[in-house]
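As written, the chains take the letters A, B, C and D, and residue 1 is the first residue of each chain.
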Amino acid sequence: MDIIEVSIVGVGAFLAICMFTTLYGKSNPLYALAEESYIGFGTGLTIVINLLFIYKTGILGIQAGDWLLSFGIILGIMVLARIVPKYSYIARVPIAIAIGAQFGLALRTEIFTGFLDQIRSTIFPLLTGDAMTLLNRWTIALSVIFMLSFFFYTTELKGPLRWSARIGEYAMYVAFGGIFAQTFMGRLSLFVGFMQNYTVPPWKIPYLLGSLIIVFAAVIILDRAKLLEKLTPEE
Amino acid sequence: MVNPLFQVPGIVSGRALGMILVIVLAILVYYYMSSGKKIYIRRVPGLDAIEEAIGRSAEMGKPVVCSFGIGDFNYWTMAGLAILSHVATLSARAGTRLIVPTGGSDSSLIVRPVAEEIVRNAYLLEGKKEAFDSNDLPFLSGQQYAYTGGYIGILQRTRPASVIMTGDHYSEAMNIAETSNAIGAITITSGGYISNVAALACASDYILIGEEAPAAGAYLSKEPPLRASIRAQDIYKALALILIIGGLILMTAGSDIVVQLLVS
Amino acid sequence: MSSFFKSKTVQLTIMILSFLAVFVPYFIDVPAMTTFSTELITIAAIVSAFTLLLALYSQFRRGYTFIQKRKRGWMFKAYMMISIVLMLVFALFGQETGPYNWVMYAIITPLSSVNYSILVFYMASTGARAFRARNTRALLLLITGFIVLFYQAPLTGAFFPQITPVALYFTGTFVAAVAKMFLISVTVGAIVFGMRVLMGKEPTILGFTKEEAS
Amino acid sequence: MTEQKTEKRSIYRMLVEYDRRIIYLFIFVLILAPLMQPFSLPIQVSPGTMTYYNVLNGLKKDDVVLVVFDTEFSGYMEIQSGILASIKMMFEHEVKVAIAVAHPEATGIPQLVFDQLKGVMDQHHYIYGQNYINLGYIFPNSASVASTAQDFHSIVRQDAYGRSIEGTFLDNVNTWKDWTLISVYTTGIQSGSIINHYGLRGTPIIVNCIGVMISTQQPYLSSGIYKALLESMRGGAELEYLTSSPGPGLTAMNSFTLGHYMLIIAIILGNIGYFGYRSEMSRKAKEER
């Protein structure tokens, strides 16, 4: 391990723990430090990567003889007119093109993936197969039907539709329990993954624990001294 | 792989039905928009919850916080704005202070002025022009988590009696709903994407599930295009339901004709 | 010239043409149109990349006002602006090594992870509070939530494998069904929204104010 | 308010009203401790992971696989076990691997993966350009994904290091048809466009997604667009177990178990507190009457 690796771990652990101080429940300057670091360097990164994309796809493409792409660059520069309110209308043309293309891409495919394929995959025989398969199929089929009926808005929910919608709503709550658990697992994995990054190999542990103690102690002391708000930037 | 039921010459195989469905949907939307009829939309129960919450805020003399999401002008944001307009009207009428946190992403920048206009209008129409304060629509940065931090700060300082969070919210919604709950506010949320809905269903006192928010928005809105959209959507949902039920029955009887139709 | 840009009809026409150029070749196979659509999509990708430069501008403008007014904590904003510039400068020295790479691993990656992983704390406290059998809905949430959570803990499968089929039943049926249903209804909603935009009923999206549009 | 404070709080009430930060503290400790002092607990492989394993196991020498890192760096922390185990399997099957990135933060991931799998790559004589390539950030938006599916070389001309991709194995790749498999590691940035522009046309896709996305990805699995879905870090650990190459996933599983059990216990205690407190209150109300 060299000085660069150590500095990566040390600085990373410190800033990360600073961000965790939001769990303390009060805004504080250390959190602001972490936050502004993320915003600043994060924005920088996004800009760099997008400029590279423009270069690699646009400029290199034009050099390779694909002259139509020069429209991409021109239209892109027109977008920047938004910066000056007086000329912001110039940006409308490229935005109209981009939105049109975006809707074209979405509308031409979503009807398949989000509608037809979903209906198709709900259609299966309901009387053949072993007991478990049948139970699964019946549950899916009935749930989709009941749940969909919950989402009709231009008719009154009367008679059978009312009951169907009610059952659908309950079925959704059954599902929400499971989804909550899955989401919890996701967030937990993230946290575990993060912690792992600062505990394996073990030489990293002191940096993590050290930051943990220093940062939280600092926040608690500042809180007791009633200095937290004074040092935190305004919104 | 199942063979398609039909093919249209000149159309890429397997894509005909999709194209037809998109075109028919466009025609339906256009038809209902231009027909001029006022389309019936059922009132979703979430709206009662919102009214109750604002009423309680007024009784307690505490503010209402209402946000419309952090996305650009999309499906969910539009619904959020329609609900915001309603909340603003009710708040103006009840004489409750309304706080609307804005920002959260760079793409949401263009929504902010529209939201301000909506709230100002609502106060104007209720004859409470002087009660409107543009400082009550604080801009909390174009960054998701700076916005979240600012939002939470507002909740902790102003202690509202109700928090209504609609529109296009992402993972920050959990964060806000938890705080809102901790300070004892009635928390009403809506969710567009499913893992958020599930988490919010746990964290809030009342939730508008998925499409309920746009439907509520259309119910409140006077504009025919919104109602026309909901009508067209309902027809397609009914179509989905018919295809599923029909398909299940026929498939069980041994015919995969509906599946063949769907891959056409 | 400016009336050309300001006309709603012109903008709508451009948008619809761009839409059709991408939409139609997917269904009707004409090679020339397909090539053009690919080209147009690439152009749209480049335009989208440019819009991110606007984000840079808005960050700077906001930071600048903050500092100019000497608001409390303005140093933080100054630091933020300096770090944007630093990152751009660092990129000039290459991306695989050097300061750019250092910032990537020492600052951006840990903070990005914390941003999302912090939610586990909120979810745990929500779960602990919300999973109480207060009413039918909460009871239903509680039952599946409990079973799936229990199943997800890797150790459970080792001493109580019977839970696996039960948990998979819930995730494979109810969860799958609600996801499917959501997808169907949201897809239709999004398509209809797209049509509303293309039909010129949502002028705000193109940057028109209500007065200009009407 | 002050009256309540002086009144002695019952155990039930304490279980209902407590400082949230206690839960936060518990999570911190329960996750951190097992990572600092690893011990092994058994696990069970789920059917979904088995399918995923079988798809990868079916790859043949010189198949062409597109690996997409569609994730922020945070997502990498969660699914790195799946990424490493899957790509290791690909290298062991001697397939050709092209890596594409769909988020700026992921641009550093390919190098991390190559570094960690150096042993396997040397063993199977992997040469840059001939057997694998890092294309870098080629998927910034859905339009770029769509372009690559229609005409790959119209939009991708260089690799991540600025070298021309001409003369590499990608010369044989022109459209969506030319990929044997697309293996996506995702937090959901461009996964939708990959489905729309590749999956829908018929390119086989397997996915390792973060836990938050599992429910939203289920429909694509059941409708057959995805051949297999590896769930979050848990799936990655199971894959490590199946390929008998213990890595970050398996070491994390104890923290994982404890984190889950903590929440379960908190829920149980919360319910005991809730019902206990409620009956206490109703008893009090009766007494007062």
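Rule of thumb we're sticking to: a contact is a pair of C-beta atoms (placed from the backbone, for glycine too) under 8 Å apart; a residue touches a chain by one contact, two chains touch by 3 or more.
Quantities reported herein were computed from a predicted structural model and do not represent experimental measurements.
> Tell me the chain pair with the top count of C-beta pairs in contact.
A-C
> Using mean CA coordinates as chain centres, what's the gap between chain B and chain D in Å?
Distance between chain centres, rounded to whole Å: 29 Å.
> Using mean CA coordinates as chain centres, what's the chain A-chain C distance in Å?
6
> Using mean CA coordinates as chain centres, what's the chain C-chain D distance in Å?
The mean C-alpha positions of chain C and chain D differ by 18 Å.
> Measuring from the mean C-alpha position of chain A to the mean C-alpha position of chain D, what distance in angstrom results?
Centre separation, chain A to chain D: 14 Å.
> Going through chain C residue by residue, note those that touch at least 2 other chains and give them in order.
Expected reply: 26-27, 37, 39, 41-42, 44-45, 48-49, 54-55, 59, 95, 104-105, 108-109, 112-117, 119-121, 123-125, 127, 129, 131, 137, 141-142, 145-146, 149, 152, 171, 175-176, 178-180, 183-186, 188, 190-191, 205, 207.
> Mind pulling the chain B residues that touch 2 or more other chains?
Each of 15, 18, 22, 141, 145, 171, 178, 193-195, 197-199, 201-202, 210-211, 236-237, 240 in chain B touches at least two other chains.
> Return the residues of chain D touching two or more other chains; collapse runs of consecutive numbers into ranges.
20, 24, 27, 74-77, 105, 107, 140, 143-144, 146, 154-155, 212-216, 219, 222, 234, 256, 259-260, 263
> Chain contact topology under the given definition, line, ring, star, complete or other?
Contact pattern: complete, every chain touching every other.
> For the complex, which residues does chain B have touching chain A?
Spelled out, the residues of chain B in touch with chain A are 15, 17-18, 21-22, 39-42, 44, 138, 140-141, 143, 145-146, 149-150, 153, 156, 194-195, 197-199, 201-202, 209-212, 215, 218-219, 230-231, 234, 236-238, 240-241, 243-245, 247-248, 251-252, 254, 256, 258-259, 262-263.
> Can you list the residues on chain B that touch chain C in the complex?
Going through chain B, the ones touching chain C are 10-12, 15-16, 18-19, 22, 25-26, 29-30, 33, 72-75, 78, 106, 109-110, 114, 117, 141-142, 145, 171, 174-175, 177-178, 181, 192-194, 197, 199, 201-203, 210-211, 214, 225, 229, 232-233, 236-237, 240.
> State the interface residues of chain C toward chain A in the complex, per the touch definition above.
2, 5-6, 11-12, 14-23, 26-27, 37, 39-57, 59, 71-74, 76-77, 79-88, 90-91, 95, 100, 102-121, 123-124, 127, 131, 136-137, 140-149, 152, 165, 167, 169-181, 183-188, 190-191, 194, 197-198, 205-207
> Show me the residue ranges of chain D that touch chain C in the complex, using the header's touch definition.
For this pair, the touching residues of chain D are 20, 23-24, 27, 41-44, 46-47, 72-77, 105, 107-108, 111, 140-141, 143-144, 146-147, 150-151, 154-155, 161, 214-216, 218-219, 222, 234, 237, 253, 256-257, 259-264, 266-267, 269-271, 274-275.
> Which of the residues in chain C come into contact with chain B in the complex?
It is residues 26-29, 54-55, 58-59, 62, 115-116, 119, 122-123, 125-127, 129-131, 137, 141, 145, 178-179, 182, 184-186, 188-193, 195-196, 199, 201-202, 204-205, 207, 210 of chain C that touch chain B.
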